[in-house]
Every structure is written in C-alpha cells, then in structure tokens.
Amino acid sequence: GQDSAMVEFEITQEMVDASPYLQSVIPRLNQEYDTSEFAKDPPYRIALAAQGTSNAWSALFDAHAYWYVEHLGEDVVSEFLYGDAQASADIQVPQVEDLLAQEPDALILVPMGAAALSAPVERAMMQGVPVVLCASAVETDNFVTEVGTNLYAIGATLAQWLIDTVGEDGDFLMMTGIPGTSTSDIMEEGALAVFDSYGIELLDKQAGFWSPAEGKKIMETWLAQHGDEIDGIWSGGAQMVQGMISAYEDAEMSIPPIAGGEMQNGFLRSAIEHGFEFYAWMYPNAMITICLDAVIQILQGEPIPRFIDFVDTMPEARPFTDAEAEDYYRPRWSDDVHGPVTMPDEKLAELGFLVEEE
Amino acid sequence: MGARHKSMSEYILEMLNISKSFAGVQALKDVSIRCRPGRVYGLVGENGAGKSTLMKILAGAYQADVGEIIYKGQRREGASAGDVIDSGISIIYQELALVPRMSVAENIFLGREPQRAFGLLDLKSLHERAAELTERLGIAMDTSLPVSELTVAQRQLVEIAKALSQNADLIVMDEPSAILAGSELDQLFSIIESLVEQGVTIIYISHRLDEVFRIADEVTVLKDGELVDTRSIDQLDRQTLVRLMVGRPLDEIFPRTDHEKGELVLVAEDVSTDTILEGASLELYKGEILGIAGMVGSGRTELARALFGADPLTSGTITLTGDKGASWSNPAQAIESGLVLVPEDRKSHGLFTSLSVRVNITLPILSRITRFGVLQSQAEDEVVEEAKHRLSIVMASADQEAQYLSGGNQQKVVLAKWLETHPAIVILDEPTRGVDVGAKFEIYKLMRQLNDRGIAIVMISSELPEVIGMSDRILVMNDGRIVGEVAQEEATEAGIIELATMAGAKAKVS
Amino acid sequence: MSVAKPYESATSVGGWPLRLRLFIANYGVYIALLALLLAATVLTPRLYDVNTIAVVMRQASQLGIVAIGQTLILLVAGLDLSVGGIFLMTSIVVADVTNGRDELVIPAILIALALGALVGLGNGVLVTKRRVPPFVATLGMLVLVKGATQAYTKGVPGGFVPDILGIVNQSWFVLSIPLLLWLGLNAAFIFVLRRTVYGRKVYAVGSNIEAARLSGISVDAIRISVYILGSCLAVASGIVLTGYVGYVDRFIGTGLELDSIAAAIVGGTAFVGGRGGLLGTIAGVLIIQILSTMALLMGLDIEVQFIIKGLVILGAVTLYSLANVEA
Amino acid sequence: MKVSTPLFAGLTDSQRLFLRRYGPIFAVYGFIVVLIIIGATQSERFLTVRNLTNVARQAAFLGIVALGQMLVILTAGIDLSVGSLVKLSILVSAIVMNGEVGNQGAAIAATLGLGLLVGLIHGFLVNEVKIAPFIVTLASLGILRGVSLSISTSPVGSASRPFIMFYVQKIGPIPVIALMFVALLILTALLLRYTVFGKYLYAIGGNVEVAHLSGVPVKLTRYGVYVICSISASITGLLWLSRMGVGDPAIGDGIELQTITAVIIGGTSLFGGRGTVVGTLGGVLLLGITANLLVMLGVNQFIQGLIQGIIIVAAVALYKQEGD
C-alpha cells in the first residue's frame, strides 16, 4: 500500500520567503537550460568529483558510476576522471581544481560544502565546462542542472508525518546529520518550518553526524533525561536511527515513532525486528546514473531541465512506512546496502555487498 | 693590582639588603655587597649558599623580593636581562650559555646583534667584529662554525669573548674554571688581569679556593643565603676562609689509608669508540684509586663511557678478571658484572629530577627488592633508609622529589644509587665538580671507605690537587689517548700538565 | 630531558606557598571533579539518575581505556595520535573475521590485538630508532593505518558485528562490562606502575632518558613496549566501541585521541614525561565525560561543547602552571 | 649525544655537517623530482602550464600557514589551532564583507585583527601563564572551532565580486596568489636570515634559557611568532573566501596536521632551532604534488590513503632526526 506513505503537506509562501534553498529550487523546477554551447561529438571525457571513500552510500554511488560508465561504452565516455574527496570540503576544493586542470568535457560534482564549492562551480562554467550537481546543492545558480530531490520538502514531510502520527501535542526530539552540510541543514530547515507552524517546541535538537555511534550516545542521554516523555523522533538519516534503536534496546524501552528511515538494509532489518512505526524516504546512490545521462544529454546539446527529481525517473525511489518494511528488505543484501540498486547483482557481489548463501 | 684605583670612595656597584625566596626556599637573606672599579671580588660559599642567585638578580634574570641595586651611582629598577647587558654588566653563567646550533659569531652577539634600520642584521660587521674579538683573545677560530662543533674549552672561551664583546665595566664569572685546566686556566687569568688593568671590575665565583687566592682582591663569603663577611684577601688564609664558609674548621687533608695493592680486577685493552677515544689500555686493581687526568676534551669521559659499555666499542676488549671473568657491551651488563659509572653531568645524566629520592636510589637494584617483578615496599624502605644513613643524605622524606634537594645532596643520591648495586668497580667522573669544600671532603672520605671494602675506583677529575691527593696511580690522557702513567709518589702538577698538553704525545707511550 | 629550567619555571606569581602548590598538583583534579559534581546537583540533577550514571560510566569507559594507554605513553614523554586508526581497524577486523559468528570473537580479538601491537611497534620504532618526534610519527602511522584499512576494505567494510559483543551494552545498575574492564585495567596498570620494576622504568625513562640509559635500562625497549601497550589498549577500547555501535562505522571513536590526551593532561600527567599517573587520568576522564553529558542534558549545542572542553583544558593547565608544576 | 649514522661514515667533518643540515632538504626535493618524473611520463596533462600554475596556487593555501607554523616550530613551539582559525577567519571575513566592495577593507582588517588577537592570546598563555604550546593550541583548536560553529553551521556572508576575481587573476601565466606565496616565502627567508628577529627565533628554539640570559626579548619574540602564525591563518582564511565566494564553515579541519607534516618533512626540527624556508617549501610541494598526481593519474581511490601514509612515514623516517 502506497497510501500509508501519503502525507499532506504544503509549502507556503512564508516558507519560500524564508528559505534561499526553496527560492533557488522552485523556479528551476520549470526551467530548461539551453545547452547548445556545450554540444560536441562523442566520445567524451567526463570528470566526477565524488564524496569518495567514506561510507557504504558513497561506495555504492561510485560503484554505480563505474558500472554505468562501462555500460555506456567507450564510444560515449572515453575517459572517466575521478576525484575522491573523502567527504571533506577541504580536500574537494583543490581536487575540483585538479580535475578542471585536465580540461574535461563536463564535471559531475557531489558537493561537500554548499558554499565551499560555489566559486569552483562558477569557475568551471566560466571555463566552459558544464557542471551537473549530484545529490547535493551549492550556493550559486550558475550550473547546468541539479539531480536530487527537494530536501526541504523531505525534511518537512518527515516532520509532518510525525505530527500526523503522534499528534500536535507530542514531545519530539530532532537529530540532524553533520551541521554545515547542505543536505543536513536543508532537511533541518524544512522540518523546523513545519514544527514551527504548529507552534511545537522540541525537547531537544542535537547533531548526530550521521554516525550510529554518535546517534547512540546522544540517544542514551536523551533516554536518561526524558525517558517515557519522548513521543517521536525526527532523524536526518537511517544510520543514526540504528544507533537510537540500539540505545532503546539497551534501555529495554519501547521505541516511539521515528521519522527518518531509509531504504537501508541494516535499518530495515532492525526495524522489522523491533516493530516500531517509522517513515522512510529514499536517497538512492543510483542517482549517479541519472547524472551521467544528464551529462550526455548536455554534451549532445539537448536542452535539459534545471532540476531533475530522481523520483520522476526512478519511481521505486519514493517514501514508504513501516507497513511496507518487508517489501523493501532484501535478505541477501548486507546491512550497508542503500537501495534502490539499479546495477546487476554480480556487481554487488563483487563489492562484497551480497551475503553468502547459507 | 689595587694600585690603579681612581676614586676609592666610589663604588661601581652596590647591592643592598637583597632578599629572595623561591616558593618555600629562602635563597638570599639581607645580603649586601659593594664593588669598586678595577678590582677582583671572590664570591664563595657552600652549594646552595645563594651565589648564583645573587648574580642572577644582578643580571635581571630574577627580581629580588627586597633590596636595591645601585649601579654607577644610579638606583636600578626592574631592569630586564637586555637592559642590564646594555648598562655594562656581563655575566658568564655557571652552566654554559650558548645556543649549540648557532654560529660562534651569532652566539657572541646574541641579543645585541649589530643592526641597521628595521631590525635588519649587519652580517658583515657581525662576522668582522667576532673575528676581531677572538683574535684579541688569542683564540682565533672560524666564527661561522656552529658552537656544537667546538670543544668544551673552546666554548668556554666563546663565553668569555661574548662577555668582552659587551664592553662591560663589570663582569661576573660563575665558576668559569670548573671545566678549564692548565694552560686554558692560565689563559683565563691573563685575560682577567688585562681586563682589570683596563678598569673592569670582576666578580669571580669558584669552589677552587686556590684560584680565589690567586686573583681576588676581596672575598665575600655567603652561607645559607646570608652574608658571612667580606674581607680583603691579605686578611685571609685558607683555613680561615674554609671556616667562614663551612661554619667550622675543616681538616683539609686528603684522607689516606694504607693498604696493599690487591689483585687485578679489570683489564682494558686497546679500547676505541666512535668518539675521540683511541687505543686506551689500562689495568685496575682491587682497593685502589686510579686517577685519570687530562685537559678538558682529552677523552676522559669517553673512556669512562667506553668502560661502562655506554658507547659501543669499535675496537678492543674490556674484561673482568677473577672469578667473574665477564665482559659486556651495554650498561645493564656492566652493572650486572659489578661495574658502575657516576656520570659527570649530574642533572642531565645522573638524576631523575622529577622522581622521588626513593625511586632514584633503588632504580638499578630493583631486581633485588622484587619478587616476581613486584616491588617489596619494606625491602625498598630498608635500602633507602640505609643509604640515607651511610651517606648522611639530608632530605625531608624519601618521597621528596630529587629536584628539591641541594646540589651536594643530589650528588649523594646519585652516589647512593650506584653504591647500592654493591659494585666491585666504581668509575667517578668529576665527582666533586661544583661541589663545595665540605661536601668534597665527605666524598673523599666515602671513597676511602669504599677502598677499604675492596672496591676499585677510577676517578676522573680536572682538579689536579685532588687527583694527586687521592689517587694511587694516575693515568694522563691527551687527545683521546692515554699518554702516560704516574705513580702517586712521583706526581706533580707540572709533570701531569706537561704530559697532558704535549703535542704528538703518542710517541711517548712505550 | 627534564632539567629544571629556571626561565620556564620561575613564574611571576611564584609567591604561592609550597604546600598549596603541592596540594593543587596532587589533588587539584579531584577537587575540580567534586566541584563539577556539586555544580551538577543544581544545573543537571538528572545526572544523578541511576540510568544516567550507568550511561556516563559506560561512555567514560570507552574513553578511559584509551586514556590508560595515552597516559603510559605520555609518561615516557611520548604521544599517540594513531589510536583513531586503530579503532577503525579493530572494528573492521572484528566484523570481517567473525562475520557475525559469536564463536569467532576470540580469534578476531587476538588478530586485532596482534595488528594493534604491530602499529604500536611501528610507532615505537619510528620514535626510538629513527628519532621521529612522537607527534609526527604517530600522525604518520594514523594516515598509514587509515590508508591500509581503506585499501583492504575498498571503502566498504564487510561483515557483521557478532551479537555477543552486545554484552558491552548491558548494565546492572551502574555496573557494565566496559566499566569493569576499565576499572580492572586501571587497577592492573596502577599496580604495574607503582609496584613493578617495569613501572619504575617507565617513570625513569620519562623523567630523564639519558640517566635511565646509564642506569642500565634498555630505554628503547621500554619506550617501544609502552607504544605497543598503548596500541593494544586502543584495540581493547575499539572492541568495546564496536560492540557499542554494533556496526562498522568509519567515524568510530572520532575525537577520542585528543580527548584521551586531554584527560591525561587534565589529570596531571606531565606533557614532558615522568610525572603523573592513572588516578589523575581517571578523574580527568570523568571530568571530560561528565561535562559532555551535562552539556547534552542542558541541551547545549555541540559547538558549545567544543568551547567548554577547550576552556576546561586551559583551566586545568593554568592551575598546574600557577602551582609551578610542569604540564 | 653524538649521533653517528652509518650513512655518514667516511666523510669529513664539514661534509657531515653539511649533510646533517641539508640532507632532509635534498631528500624531500629528491622525492619531488621522482614524483615529477612519474607525473611527466604517466600523464600528458601533468606538465602543462595550466596544471603547474594550478599546483602553485594550491600550494599557497597550505604554504602560507606552513610558513607561520614553521616560525612557531623554530621556537620549539607548535600551533594546533590554525585549522580552526582558518575556519573562523573565513566566516568573519565573509560576514563583514557581505558581498560589498565597500566592505573589503573592513573585512580584511577585521580578519587580520582576529589573527592578531588569537596570536596575542596564544603568546600570553605560553609566555605569562607558561603553558606548553601544544596544550594551549590544542585547547584553542576546540574553542575556535566551537566559536566558528556557534556563529554559523551553514554558509554565511559572501565575498565581493572583485574579491572573488582575485582568485583567478594572473600576471602572465602565473596566478597572483601563487606570486603572493612566493613573495611571502622570500620575505620569510629574508626575515630568518637577515633580521634580528630571525636570529632570535633560532636562539629561543636552540635554548630558551640561554636566549633569555643573553638579553634576547624572549617573550616579545614569542608573541611575535604566535601572532605571525595566527595572521598567516587569517590570510589563508581570506584566500579561501576568495576561492569560495561564500563563508563556509565546512572548511578548515585538519589544516594544522597538514602544515605540521609539511614543515617536518621539510627538515625543521620539532625540538626547535633548526629549519629552513626552502625545506618547508619542499614539504608543501611534496604534499601538494602528491595530491595532484593522485587525481591526475586516476590512482585507484582505495590505495590513495595508503600511498599518502607511506610517503609521509618514509619522508620523516628517512633521516634520523636529531634529538636535544
């Protein structure tokens, strides 16, 4: 049942006025970029400045990238330049410069800092290298297109679901990702806008750094402090929820509704095991394939929308709730796998993401 | 010397009613001294009497708690080290005060570099003036070499050059002779004489009283931070001075006991290390004191370290004779075989300043007071208690940190540490350097007691009277080699110095 | 070499009586801990909840076990920044070797300890035989170990953490396995430091390395062994952390390296070696842990916690400095 | 105390001295030459003007702070706070400038003033309270980071247009920022070689006690180096603003470790008193070229960390460091 994931929610003009992110995204939803200036004949030299070695999400992101480039064939992509930012803006900024020094035909960027990467993106465009942002945003409008989803809406939706499920008078906690990263900050912004609109005062809000360990540490203290008072939790990512579940498990308390799951196998496994209410959204690492498609489209000089929501091309990537947990759980996947996965199973097996058959 | 006093009534320096305490320790109590231009003032006293502290107050390194300094007729307030130097006071410190990695020239002018506008160095004049100075001192050397490449004696001379470069009217020398001997000492004295002739005032601190009698016009005695007296040199003799310093008369005779030469305990043959030391051979007998004399830098410390296994041998053998018949290649094995070294540099090689007296004393003998690697506190207490009595170490408790002990007591703790290993052979490298007369004679007595127990001692010392007075035999070193052996009865200072300074002395060895 | 240096030690405030100075040096950290506990009765009474105490103690144990190793290393005038790499390595080894099977936990731990010892050996050899300053040597090893784990896992650590390690999460009132392990290791190492030959040698090497050498101590062996111990203790802490998290987390134990140094220093272990000990470190660990729990209880943001931690370190060393004790 | 390395056997004293002093520098430049040869033969785009100027400009970011760090280390100190200070400087400059040309002067003044203030505080704690520099700056690493994130966890403020353009400005083929770094290099070298201040740094690092007793204004000099080091971090913060256009608190973590690594690889002794500008430049270039090559050659991402680790450990272990 897709109905269980239906959340009524509206972005008001007030919210748009208060959010530079929305001001940037909303107009772009209906814009197209004239890419004729970038048109050239294949094969292409494409650069990817990725998040790099840091976690399973980005490992699968890279795997999808390499697989898809191979899939496209050498006639389309003759050279694939790669930069591993190790999840750090400090490393990524010079890396983008290094990549641009090789004069690629296009740049796909997974920005590690919204502002940090703004000027580099503008300089790439000035140099005539079209930029496709993948999975995260920067603080400039001077790029060709962005592939992702409306993170503000996601954060807001998660908050709305929590309120719908628990009621307006519930006591809520919020755990965000890494403060300063746009993904985390924008989701937080959306959530706070909704909580505010109901006049809800949160019990507490802390940064969990997308780490199960941090998530658990904070949850332990929250449990000691607020215990049974907690009616619901908003989380900026599923890894932290895993830490929260572990803290509840240790405290032998029942888990309240949690907004902020993902299609991540480990999360799903323990969610099914503990049977609590949750709302999950998706952030598929497979979206890199959409980004690569976009790059090809650009280099062929075809006009392209300025914002590509992955849900439109990847219908399986829509939010779901605990009611559908079993449908999304894959017994053969290891705990780290973030779905949905679009590459074949052998690729997963090669990377060690498939559990050996008993 | 006193003939040239221009205006006897006029003091160049008056330090009046100076008191200073360091958290808990009253280092100086109401001390006053007055100095006239062109004279040499001896400043003497036991270890910890406050001599260096008084001079550091003069230097602006410490501030006195109470008291005033009148220099050249003006009251001085809160001057920094730099101001003091600029005002014409130079200090040669007890511990050599040079920066090893900087060049000779840079060291000489450190803090007062010739400069042009905007703090720019005048490198040309820096080197010219340095060369000029070293020449004037008769110690011409390459002033662009880093100080770390110089011998110790050369470094001391650089210190003096540094003081001279400041064109000082008053020069304080805190134990400048501690590491000088023979001709270098004479060189120092002739420099002092020429300075005095130019009207410079010298304050000279030393534990070697003969030197004080040799050059001082007046002597000030400190004891326990208080002024005992200031007297003209002609109103003093050695016994009186010692009594003033120690507070009681002291029998200043090297203790001797008669004993037969014992059996051979150690043989070193043709020992060389990576250092200056080359082809040293010696024999050591039970119950004797073997003195080792030589100029600074002649390789005596290197010989001691080689014997102890502290530096790897590049040639030669060292063996114990007798029932043990052992040889060794590191300090642990040497200690195990019954040979220990009391190093010359107490603070940096001997003492664990941040640790308690107890830990210091029992460190080499831990295995004796442990069972299965676990320390037996009672056994340890006994060891420490016994050492305390045997060496009459003055301390608040065995748990007191060694850094809070006076210099003499620190030396005793280091000695106690080694004696607790019940060694058969003890090498003492400069055991009395910087140690006051009272403590010195206690150490001498202790050495004799060890002799009586059959322990063989190797004593390295730069003080010839001490080597001659205490040793049964004396080996003389020169440029890394042993160049001669002198029996106690035949030893004279002149004879030893001749051997120690002779060029190409190698030929003289059989 | 810890030769007393008048210039560095002659403080302008020197007028404090010796007894007060020694009192601060010896007991200051405990008084600070007491003061903090008192402050908590007003600011965050929740801290005294049995559950909260259990949580604080469990988290303190994770920091505390590393801090034991860090203290030992500081005592020989060293420093270990590589522990962060060891945590990661440990949790990868545990997940990789066991792949969730309880019966393989012991072999996994042994392998992790062996690898940890190897890292410690690397640190020790660089510091002693190549005379690389500990800061740089252990930093280099950190980059190397992290690089090696990355090369091994290809960025994605595989396997599962065995369920049995979950016992680190159980508490009986305030008692838990990590707490018992921490206390046990403390007791053992306090005994080693105070009552064994090895302990004496550790202090001697840290206090005056040249004198120690001339006293017949194989100083290099002692220093290398201390680095190895430090790494093994980091492995122990890494195992507790792995059980605690239940997953292989790339950021596992982030910040514990600097926190462990801070705990030891706040506890009075001298940065220059040869002075201090584990009792002080226990207090230092508790201060740091309680502060961060109190900050959470008061709902202070993470950024405020950074500031508080920094100020606490400065406050502690300022006191030690005023008391004229080297820090 | 005498260090003898088999490597030095059979040399005269002055050769030995020369090698001891300059050995690490030869080693680090040797490494660099090897890397350049690898780069030139394995990638046709490595030895292009475009890439080399790119590397040169990047070197400025690490290099300017590394110069400040080197001065501190020469006095036997250390500054762990530079990364956090870069972060704070970026935020302060971006907020004050706020996209306006007219605010440029104020922003630059405020940022440099911040560096001055932080340096003075470090100097005070090291000089007057007599806390070990490692601990002082470890604490301020946390405090400055906390202050930055308290100001904002998300991007704030912005650079003026000309300020952003500064980043890409060139004289001939060479970026102005690279030239600025070269100028600072030369200035620092001159400072060390030809000024009293420079001599005092070596003296303090060589033996602070001796320096003090020789009348060297130890405190003043130490205030000076901590201020210079902090200001070098502020300058780098300004450069980052020019590079990014917006104040992003995501930047600045780990710069302290990189600068220290670069300085040490360049042969400066952590014990103080020994080190050269040329060496530090070598350290900076070695790290910079390594990072650049890893991207240029498309080195397998999973072994990049390992390669970096090996290079650092090998570089510091190659030459036996001199103790005190």
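Every chain is named by a letter (A, B, C and D) in the order it is written, and numbering of its residues begins at 1.
Simple rule for what comes next: a contact is a pair of C-beta atoms (placed from the backbone, for glycine too) under 8 Å apart; a residue touches a chain by one contact, two chains touch by 3 or more.
Computed from a prediction, not measured in an experiment: that's the story for all the values here.
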Looking only at C-beta pair counts, which chain-chain interface has the most contacts?
C-D
Mind checking the centre-to-centre distance between subunit B and subunit D? Centres are C-alpha means, answer in whole Å.
43
What whole-number Å value describes the gap between the mean CA coordinates of subunit A and subunit B?
73
Could you please state the distance in Å, as a whole number, between where the Cα atoms of subunit A are centred and where those of subunit C are centred?
36
Subunit D residues counted as touching two or more neighbouring chains:
149, 153, 209, 212-213, 301-302, 304-305
Going through subunit B residue by residue, note those that touch at least 2 other chains and give them in order.
61
Out of subunit C, which residues touch more than one other chain, so two or more?
1, 6-7, 150, 154-155, 210, 301-303
Listing every touching pair of chains gives A-C, A-D, B-C, B-D, C-D
Once bound in the complex, which stretches of subunit C touch subunit D?
1, 5-9, 11-12, 126, 130-133, 135-137, 139-141, 143-148, 150-151, 153-155, 210, 258, 261-262, 265, 271-272, 301-311, 313-314, 317-318, 321-322, 327
In the complex, subunit C residues that touch subunit B
1-4, 6-7, 10, 14-18, 21, 194-198, 200-201, 203-204, 207-208, 210-218, 270, 274-275, 324, 326
So, in the complex, the side of subunit B touching subunit C is made of residues 22-24, 56, 61-62, 308, 310, 330-336, 341, 343, 347-355, 359, 362-364, 366-367, 370, 373-375, 377, 403, 417
Please name which positions on subunit A make contact with subunit C in the complex.
52-56, 58-60, 62, 179, 204, 206-207, 209, 211-214, 216-218, 220-225, 227, 239, 242-243, 246, 249-251, 266, 334-336, 351-353
Contact footprint of subunit D on subunit B as seen in their complex
59, 61, 80-86, 91, 93, 97-102, 106, 110-113, 115, 118-121, 123, 146, 149, 162, 274-275
